[in-house]
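What follows is a group of structures, each given as structure tokens.
Look at the two complexes coming up: chain A is in both, with chain B in one and chain C in the other.
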Partner chain A sequence: MMKIAVCFKIIADYDRMSPKDWAWDEHHIVDTRFVRRIFNCFEESALEMALKLSRPVENPSDKAELTALTIDDEKGDLFLKHLIAVGYDHGVRICCSRELDLRFNPMGISRLISAYIRQMGQTLVILGMQGGEGDNGQTGFLVAEQLGWPCVREVTEAIRTESPEFLKVTSRIDGASLVQIIKLPMVLIIGHSQESPYLRIPNLKQKLDAKKKQVTLLSEHELKVNNKIWFNTDKTLIDLQRQKTNQSCIFLEGKTARDQAQQLYNQYLKKRLPT
Partner chain B sequence: MTLTRQAIVDHLIDIAGQDRVITDEQVLKENSHDRYKKLETIFGIYTTPIPAAVVKLADTKQVSDVLKFLNENKVNSVARTGGTATEGGLETIVENSVVLDGSQMNQIIKIDSTNMQATAQCGVNLGELEDRLREQGFTTGHSPQSKPLANMGGLVATRSIGQFSTLYGGIEDMVIGLEAVFPNGEITRIKNVPRRACGPDIRHVIIGNEGALCYITEVTVKIYKYFPENNQFLAWALDDMSLGFKILREVMVEGYRPSVARLYDAEDGSQHSFDQFAADKCVLMFMAEGNEYLANATARGIARVVEKYEECQPIDGRLIENWFDNLNWGPEKIAQERELIRKTQHMAYTTEVSGNWDCINTIYENAIKRIREQYPHMDDLTMLGGHSSHSYQTGTNLYFVYDYDVKDCKPEEEINKYHIALNALIVEETLKAGGSMVHHHGIGKYRTPWTRQEHGSAYYILKGLKDQYDPNGIMNTGTIYPVE
Partner chain C sequence: MKAAIVLSADGISLQQQAHEIKSMLNTIEAGFSRVELWLFYKDLKPELFPKIDSPLSSIKLIKLANVHSPESCLQLLERLMGRYPMDMLLFASDGLGEELATRLACRLNGSSCLQVEECNLKSGKLEVIKPVYGNNLIARFILESFPCCLSVAKQPCCPIKMIPYEFVNIKECILDQAQPVWVKETRTICDESGTGLADADLVLVAGQGANNKETIDVLQGIANSIGAELGASRPVVMNAWIDMNRLIGASGLIISPKICIAAGVSGTGVFSAGIKNSGFIVAINIDGKAPIFQIADVGIVGDLKTVLLELEKVITARGKKKGHHQLPGSGKGPQ
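Coming up: the complex of A and B.
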């Protein structure tokens, strides 16, 4: 049976932060405790894609075993329960010692993930291409490297083939689509999915049932990733700066919408249209 | 003799000019509905008759001329400004209806800081009026979620209410005077005075008429000093709604007037991510505002009331403030919602009712219980809950919220299978317990089966208004008044 692990990250909904909220303390930690947390967008796509992959419409009984894996504190359990409610077989949370700062540490995170994958004998790992914090875009590649598995980035679709050992994987490369038949095991890094990027929503009964199920907790010690050197990075966080995203704007004058549209056309659109 | 579609259009062009009479098919389709039939319109299905024309009205005189023509020829009209109605009130259910679009009557006529009032044409967007007022240190105090899109005429026509209503009241408490045009072309102005005892308050013939009696062209509302820097958010988690209603009542009866007073059940709260800080709990929240003395006194007084109840666990007010700052629905959220529905066929609807303190919990419990026990498609529901968001000395409202995955039906069948069926159960339980079936969305076209029951013997008065002002029945047929 194919065993799929989807690694996801829960992040603060940065769209809900106003400029005044972007303040940090002496450890360069932005206080986001008052902002709701959401699935990182690429991983939301990955989670939904894995659900479809694990329950093929044409053969629903041919299920794969699905695990949702996150590295988080106890707040992550709510999201894991949600995933169990929509059909994940297992929700696993790796809870590290508080002194480990994993914010900008793809090496440390990838070691934890690959240790879990090895321990549980997973055959397919799916991750999002970037997290909202750090934006390093490295974790998936590092996981593949540590596992010694093939890795495909910018994956937009993954479907089963007639052989249970292979997947048909579509990815984007240089603006084109690449379709490959790849043998398991492998690591897939999800970019902009062709499928719905939205994770399905459980019904009331599924939510109630999921509440009764347990999330599996693991520490870095249980995964035998307890050498602090493995969490060292070659990066030191020196400072944080908020990117300025101000854009200039011009108000179109004109009494009516027609006048304004005409001005928009004359002054801005006409010269950009092909002659 | 009934005019043909083309004859209606030709006459309208004679009155309003070619530029103001729109007959583009897509525009007509978009003007045949509001936010009630979301799914079918997202999939390009329009099951209501397409209007003959949309008239972009220029001024009050033109409104009068157009209405007079429609009245003389018994052509149905549908008044429209921002188009954010949610109860089907803007649907053109009669063949060859004419949509009277007041969105271009969009001048802020006067901001009077001595008499503390602002006068605006019907097509003025509330958000723009608020922005203008706030630049000068004032506010209308009106802040419905639709503020970025809704216009003054529509807000008054539907008896809208805003998120700060517990302090400022509903739109009916804000409107001082109005200008409206009746179907016979009569232009009426109700003057702006603080109060008077000169017969019944005729403002209320116009406020909430939903385009079924007259066309609102101008509105004057109260304005208030604006002190956002003094806003204080308070919140608590608690186990059940009945305790929440009890505390809400106590806060109101003690005389406190927070601008926001809300109570969410655990299920409804979870879709606002309240489960991230109050899992499986109800959430009770308040916002105190005003000048610093008032804001401080209100916040302290409310805290004193709530903290008597040991079951209430305090929540960091910043969580609520951040959530509240992101609550409004602008065009981008509407577009996002439509995209989400298109991709997932997952819908969310509400039914808002009200009741006195002695029956509100009964309404809440009975409606939820009845849906759980009797609604045949419970497995498709992904959320069923509710909240109270507008409280009064005598009672509060209840906003039932239900989300569902559309399964095994065509887009045009969805509304009957889900929203109409669920809405009916809630309305029936509310009326049975003595509450009101509509708190602030208006009756529209889909709660008319219960209009008579809602008003009881007072339906005589309501019916009399229609008979008097719209004897030809050309004002938004099927809205408020059931089609005979």
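Coming up: the complex of A and C.
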């Protein structure tokens, strides 16, 4: 049976933060505890894609075992329960020591993920291409390096083939789509997928059933990733700054849309449009 | 410090990628003792090369048996680094550049960083600047070990000139390559022709506020009528209301038109990265507190469709008076 692990990250919804919320302490930690948390968009696609892959429409009995894996504190459990409700067989949370700052340490994250993958004998790892505080965009590549597996980046679709050992993977490359038949095991890094843009929503019964199931908790010690050297990072954060913004936006106050359009054209666009 | 620029001659974005690397090289104050260009190619040996400002010490042409195998590129790069050690490797901003930078640094026990906007040598270590927290913040890092493998940040479209390098040592590197055993079949489906978004003077960008495909179709009509190209934010693309190749933002196109009209776009950091280089930004949104107004020059709080239909009337009336209403494309050519 194919064993699929989807690694995801829950992030603060940055759209809900006002300019004054972007402040940090002496350790460069931005306090986002008051902001609602959401699935990282690429990993939301990854989670939905894995659901489709695990329950092929043409052969529903040929199920794959599906695990959702996250590195988080107890707030992650709510999202894992949601995933169990929509069809994930296992929800696993790796809970690290509080002093470990993994925001800008994709190598440390990849070591934890690959230790779990090896321990559980997974054959397919799926992740999103970028997200989280660090916007590192490197975890998937580093998981592939740790496992010594091939990896495909910017994946838009993955489907089963007649052979259980292979997947048909579509990905984006420079100016084209690349379709490959690839042998498992592998790491897939999901990009913009119009085929699986959003995660499905569970019904009430699924939610109630999921409540009864347990999330598996693991520490870095249980994964035997307990040597501090393994969490050494290749870069050290020394400073954060706000992106530049334009504080002088001029609002057009016309009474009607027609007035506003006329004002916009006469005062600002006319001189900028070629005559 | 010795540096190599790693690019693929067969990619359609070679000139743009070279421009992005050139821009980043210009931010480095420290002098290089050596800058090389390492160029992968598949069939035709390149005779023209991107015009980089830094004087090139050497060009190495690396024949690649399988252009779709990053693993082959990585193995070749490992061997080249064994023969010609470099302190810094600069990779393109695309997915391949990001993959090679990350995996090569891992194999060579070096450091890597992606989407690097600036870098500099300070006290013998490399400092880099890159966006973090969904493009809302900029972070400065020190890279702890050499070689440093960097993938540069995307820049607005500005393809650089290709020239022959007559006085530079050009060396062909033909190395044995193992074929990836895990790939059974490969085929590519090329995109239809480009959108014209990258070098348009006037761009209308639709956001989630458009609400449905019908409004997007109306906006496409308005864009055609006023001589604009239509782009979109991620939710619009993910709902398949418009083609993927019209996605604007950090993970899509970075545009720099003379005028950008962002309609119904909330203005996330990731999206704003795609339009912040525009000459003049107009934001239309029903929410006056939307973050898009933080980067706009002019804002209209109102219904995007109503405002844009009125704007269309004004612009086309002006066109009729003057005998034309289409903006000529600027067609930003090579520098």
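Annotations for the structure displayed:
Here, the second predicted complex is superposed on the first by the 242 of 275 C-alpha atoms of A that agree within 3 Å, B and C clash if a C-alpha of one lies under 4 Å from a C-alpha of the other, contacts with A are read in each partner's own complex, and residues count from 1 in each chain.
In this text, a residue touches a chain if its C-beta (ideal position, glycine included) is under 8 Å from a C-beta of that chain, and two chains touch if they have at least 3 such contacts.
Here the structure is a predicted model, which means the values were calculated and not measured.
Once chain A of one complex is fitted onto chain A of the other, the partner contacts of A:Tyr198 extend to both chain B and chain C. By the touch criterion stated above, A:Ser97 is placed in contact with neither chain B nor chain C.
Within the superposed three-chain model, A:Gln214 lies out of touch with both chain B and chain C [touch as defined at top]. Partner contacting the larger number of chain A residues, of chain B and chain C: C. Of the two partner chains placed by superposition, only chain B is touched by A:Lys75; chain C is not. In the superposition on chain A, A:Lys235 contacts chain C only, with no contact to chain B. When the two structures are aligned on the shared chain, A:Ile182 is found in touch with chain C, with no touch to chain B.
Look at A:Arg36: by the touch rule set out above, it reaches chain B but stays clear of chain C.
The intersection of chain A residues touching chain B with those touching chain C, taken from the two complexes, comprises 17, 197-198, 258. Considering their complex, residues 16-18, 21, 33-37, 75, 78, 196-198, 200-205, 256, 258 of chain A touch chain B.
Within the complex formed with chain A, the chain C residues making contact are 8, 11-13, 68, 70-71, 94-96, 98-99, 102-103, 105-107, 110-115, 127-128, 130-145, 180-191, 201-202, 234, 237-240, 244, 247, 251-252, 258-259, 266, 268-269, 272, 276, 279-283, 288, 291, 293-303, 306-311, 313-315, 318, 322, 327-328. Per the touch definition, chain B reaches chain A in the complex via residues 19, 104, 272-273, 275-276, 279, 316, 318-319, 321-323, 325-326, 340, 343-344, 346, 378-384, 403, 405. Of all residues in chain A, those touching chain C in their complex are 11, 14-15, 17, 19, 22, 28, 30, 41, 104, 106-107, 129-130, 133-138, 141-142, 144-145, 150-151, 153-154, 166, 172-183, 186, 191-192, 194, 197-198, 233-252, 257-258, 260-262, 264-265, 268-270, 272-275.
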